[in-house]
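The next part holds the structures, each set out as structure tokens.
What follows is chain A paired twice: with chain B in the first complex and chain C in the second.
Moving on, here comes the complex of A and B:
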């Protein structure tokens, strides 16, 4: 680990000011991802600004339920309003990592966790995300966990967060504060696809701080869930996951929210499937057609072709579960 | 920096790169907490911070300056083993014992989470505050602690036996 200075921020303004000090200053949440990456030499901050002491409230606002970035994952999943109004989010969080890690992890850090691609972690391997221009060993390597949607020749990594997939389905809004002021970005626009610059993962500019995530009201949010398919029953990243909420009126899909995890460089909002479902009968046939529409452009790599059918079947299974359509 | 460790005040001075696990083991001689993976994947380093379980290997010690930390060395008291520790002995909750300190601290944190109504993914309904600490709940809530010897049956039985009377019933507001 390279040496670093450490500061605890007492307020957002304080954090942003402290982060101006050097070009290699990083904010520090629970540290569950950053400390690991520092130990591996992938992240080399010269200064850490600890933001876990900032406000960690969950409060209703006119725009929805506002969750401060310093809220721990366990606290968010335990919040009675989240469990009642956005059960897919509570379930996504407790489907992730372990209880120990969820106790440490913050909302801001969870959104900004880096990919689990083994070549990204291995400094003997080529990785455009770690060293821009170095090449990508995953494209022709062991790529069972990699992306099937939205990838590029430069990078086929996936975003590993479960929480962010549920937030994408919920039209969550990320509030960002920085040296040039504050702005709101929809979560679906917050993470980027890799294109030719996979090292740029989000729209955050240097020194910008996530201060909160707001969940707008969703009338049919109570009828929602998150299903995660993985190699073991617990404490494993998603191969494929589905966050869904659905509103069925008289046997017809009046409205639906769908997002996928484990398939792309960002939480993947399934807009095509949603469009294909609205106004259709709530049947297994419509669900399958919607899944086909979403995965139409999926591109398999050597080892991960199974994810395409797995994603389709998981979408169908989740919608059947939510609409009471038995399989 | 100052910590309260197993109820005792401790002043410590160390390189900022030191993890909480290395502080405990290498600087303070508390070698009960174990280093299995050093990357958050095994739970052998689990300790309690203000009663909450965390992985000490993923924590920089400096982040926990001022906090109260309990390690496996703090679970027993002058009168002997804690009921959970005694149950591990009774039920053969270990073979080599390497994962045991983490399992013990984790189980203490786990039961506190159950009492507070923290949900787990095996709940059928996220909005339902009722937790019955049955086999599935217990396995899921302890899944952050691996045991390479595969002593899981004994571990589960020891924890289940210790907290047999514990269910939680609080509806979220």
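Moving on, here comes the complex of A and C:
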């Protein structure tokens, strides 16, 4: 680990000011990912500004439930309002990591998790995300966990978060503060696809800090869930995950929210599937057609072709679960 | 291999073959175990009772000191830098930036390392224990991707770690053999324990071709990495020219001898201790880190602690190699086997010799008219593969026992019935009698308890999204006992006994089980026994490997006990109630000795030693050579039952129930033995469903060197595990017992694969059985 300086911020303004000190300053949340990356030599900040002391409230606002960025994942997943109004979010969070990690991890940090691509972690491998222009060893290497949607020749990595997938489905809004003031960005626009610059993963500019995530009200949020398919029962990243909420009126899909995890460089909001479903009968055939529509542009790599069918099946199974007799 | 070496090897093989025949044909009484251990008859006492671990409280309190926990004055911390090419030479090397890091004491590379002899490769000498025989830091050569090429010593671990990242290195790369498909176009026959891994009895291919029923399929298993919870570690210091090593090892005496060879010392100049080891599984032997720590300590003049990082274990410690196995079985309509073919190829390096012996279990599993068994070696440039819990049997039983299940299904025979139909009366390839084989009884007990009769046809049992299936398989592991066992026993007048033997405690309960055995043998309570172990200065060459430590300790303690009783009878003299009795006529009882069939003839140890005016008696004795393994066919067995659920939508497999029915002789301690069985079965579950070292064939580099990405079972993957055993003593093994360290993993992957087939109707012949293979 490269030696670094450490500061603890008392407010977001304080944090943003401290972060101006050097170009290689990083904000530090729970450290459950960043510290690993520092140990591996993948992240080499010369200064950390610890933002875990900032406000960590969960409060209703006219725009929805506002979650401060320093809220711990465990606190968010166990919040009664979240469990009642946005059960898919609570389920997504507890599907991730371990209890110990969730106790440390913050909402802001969770959104900024970096990919689990093995070649990103290994400084002996070529990785455009780690060293822009170096090439990508994953394209022709072990890529079983990699992207089937929205990838580029430069990068086929996936975003590892579960929480962010649920938030993408919920139309969450990310509030960002920075040297030039504050702004709001829809979560679905917060993360970027890799294109030719996979090292740039979000719309955050230098020095900008996530201060909150707001969940707009969702009338049918109670009928929602999150399903994560993975290689062992716990403590594994998603091969495919599905966050869904559905509103069925008289056997017809009145509205639906659908997002996928483990398939792309960002939490993947399934807009095509949603569009294909609205107004359709809530049947397995409609669900399958919607899944086919979403995955129509999927591109398999050497090891991950199974994800295409797996994603379709999981979408159908989740929608059937939410619209079935028991639901 | 040169012509001369080959001829010498053949000659050696011929001598061994003659010896083997002579031992096989000798009268039982001449062979160790020919007269059963008297302890087998003693049904009272501590043996067979669930004694809690002696070391348990120490471990819970953090008071058990592991290799990386010995504090030494002036100690510095070591970190390693690992090569990133599979083959070639270091072209340029600049350590100046690393040396400039505050707190760094030394950066050692091949340029400034002391002269050292190559490490003695496992099995090249009875005490050789190195995973490979490559020279360490003597030249610029790189032999595998991940080979250490620099060690940094610093006042803190952090400074040492950081320093290794600042070393500038460039390489001249050579074309490397990293692709298995290419490597296996040029193979040679493997040898294991001095014998070729080749069995040819009759014309198996012809018998197979002629058989009315047959299965002929190929199974593949990937590389597996060792991941004991305790990282490999050593704390070392020099005392003048003497080397003291606090190691995490399953071979203290071997390590001392091997380090002595490397540093040109006398064996007694190296002192190795290893009181607690946090899991070994075959990996806690001699790899480069102990030698590098000792060399760096010598150069720097400072004591050194080295703890491999988790990635460092993946890079520098070998694991189980990959295998490709063909199994073909030909059978008559009644199920009788005409032919068993089990052949294939494994990956190995040119600097080690462990051709993953996947045919070993097949040699004794079933009766058949003909056999063709063969392990071929494909050389690859990679970290030396090594022993990993049941090397050979773990992967070999996967292939064999899946094939038996496939044949049973094809023939419409219950797979247990097919196995019983082919149960051999004697060792089917060696021809020797079995010392103790109760696999059929184990199957019957297991099947009844598990509810095997409720198994349905493949793909017919469904609960919601889940397809449910049952599978079974046979596990097996040989009874070994290596030469060199010896022990010292000291009995004091206050009726306390101390056992001294250079054995090991890696968490399996050695000191607990053997303290109980010694207590019973002496007729003393458990707290009267002190078990001194894990120190190379103690008697015996005892490897905690091959599940043979139990037998090795047992045979040594029997020999020492007999010598001690002889001495006591001499001291007792003619005035004792024991007068005139021989050692074989008495037993330890109630703090003294009594005549076996006449307990009234008794004298206490205190009385014998008191009358002789002695405070204590000490004897040291060697175990007899382990000829029993060639006179009888000696093995442990298990019948493994699994109920698996496979998600029809996602292909996810979850194991719902597991039962292991074991036949391993006397179970010395049900508590610690159960843990061994259970741990082995969990490891088998991981092997079946998730474990895989991802070896990038472009670079020869393992790309998932972390427990986040290299999956082993988590708690939620592991159901309740039911364990039963026959508890039938092996009359020819010390204490009637077999070691139980490795048997647990064997058969499990096959039972799971067979259960997955029963659930889904799909055969997955390539481990691990991940969900993509079941979609």
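Everything that follows uses one rule, which is that the second predicted complex is superposed on the first by the 324 of 327 C-alpha atoms of A that agree within 3 Å, B and C clash if a C-alpha of one lies under 4 Å from a C-alpha of the other, contacts with A are read in each partner's own complex, and residues count from 1 in each chain.
The working rule: a residue touches a chain if its C-beta (ideal position, glycine included) is under 8 Å from a C-beta of that chain, and two chains touch if they have at least 3 such contacts.
It should be emphasised that the depicted structure is a prediction, and the values quoted were computed from it without experimental measurement.
By the touch criterion defined above, A:3 lies against chain B and chain C together after alignment on the C-alpha atoms of chain A. Contacts of A:46 after superposition on the shared chain: neither chain B nor chain C is touched.
In the superposition on chain A, contact of A:116 is made with chain C only, not with chain B.
In the superposed model, A:313 lies in contact with chain C only, and not with chain B.
Of the two partner chains, chain C is the only one touched by A:124; chain B is not.
Looking at the shared chain after the overlay, A:235 reaches both chain B and chain C.
Of the two partner chains, neither chain B nor chain C is touched by A:292.
In the superposition on chain A, no contact is made by A:14 with either chain B or chain C.
Using the contact criterion defined above for the overlaid structures, shared-chain residue A:222 touches chain B, although it does not reach chain C.
Common to the chain B-facing and chain C-facing surfaces of chain A are residues 1, 3, 233-235.
Residues of chain B that touch chain A in their complex: 15-17, 19, 38-40, 43, 46, 52-55, 58-60, 62-63, 106, 109-110, 113, 116-121, 125-127, 129, 139-141, 143-145, 172-173.
Looking at the complex, you find that chain C touches chain A at residues 84, 145, 158, 161-162, 165, 465, 649-652, 654, 689-690, 694, 696, 698-699, 701, 703-704, 706, 708-709, 711, 713-717, 770-772, 775. Only residues 1, 3-6, 28, 30-32, 35-36, 39, 48, 50, 52, 74, 77-78, 80, 83-84, 87, 90-91, 94-95, 97-101, 103-104, 222, 233-235 of chain A touch chain B when the two sit together in their complex. Residues of chain A that touch chain C in their complex: 1-3, 41, 116, 118-119, 121-122, 124-125, 137, 140-142, 144, 229-236, 239, 306, 309-310, 313-314, 316-317.
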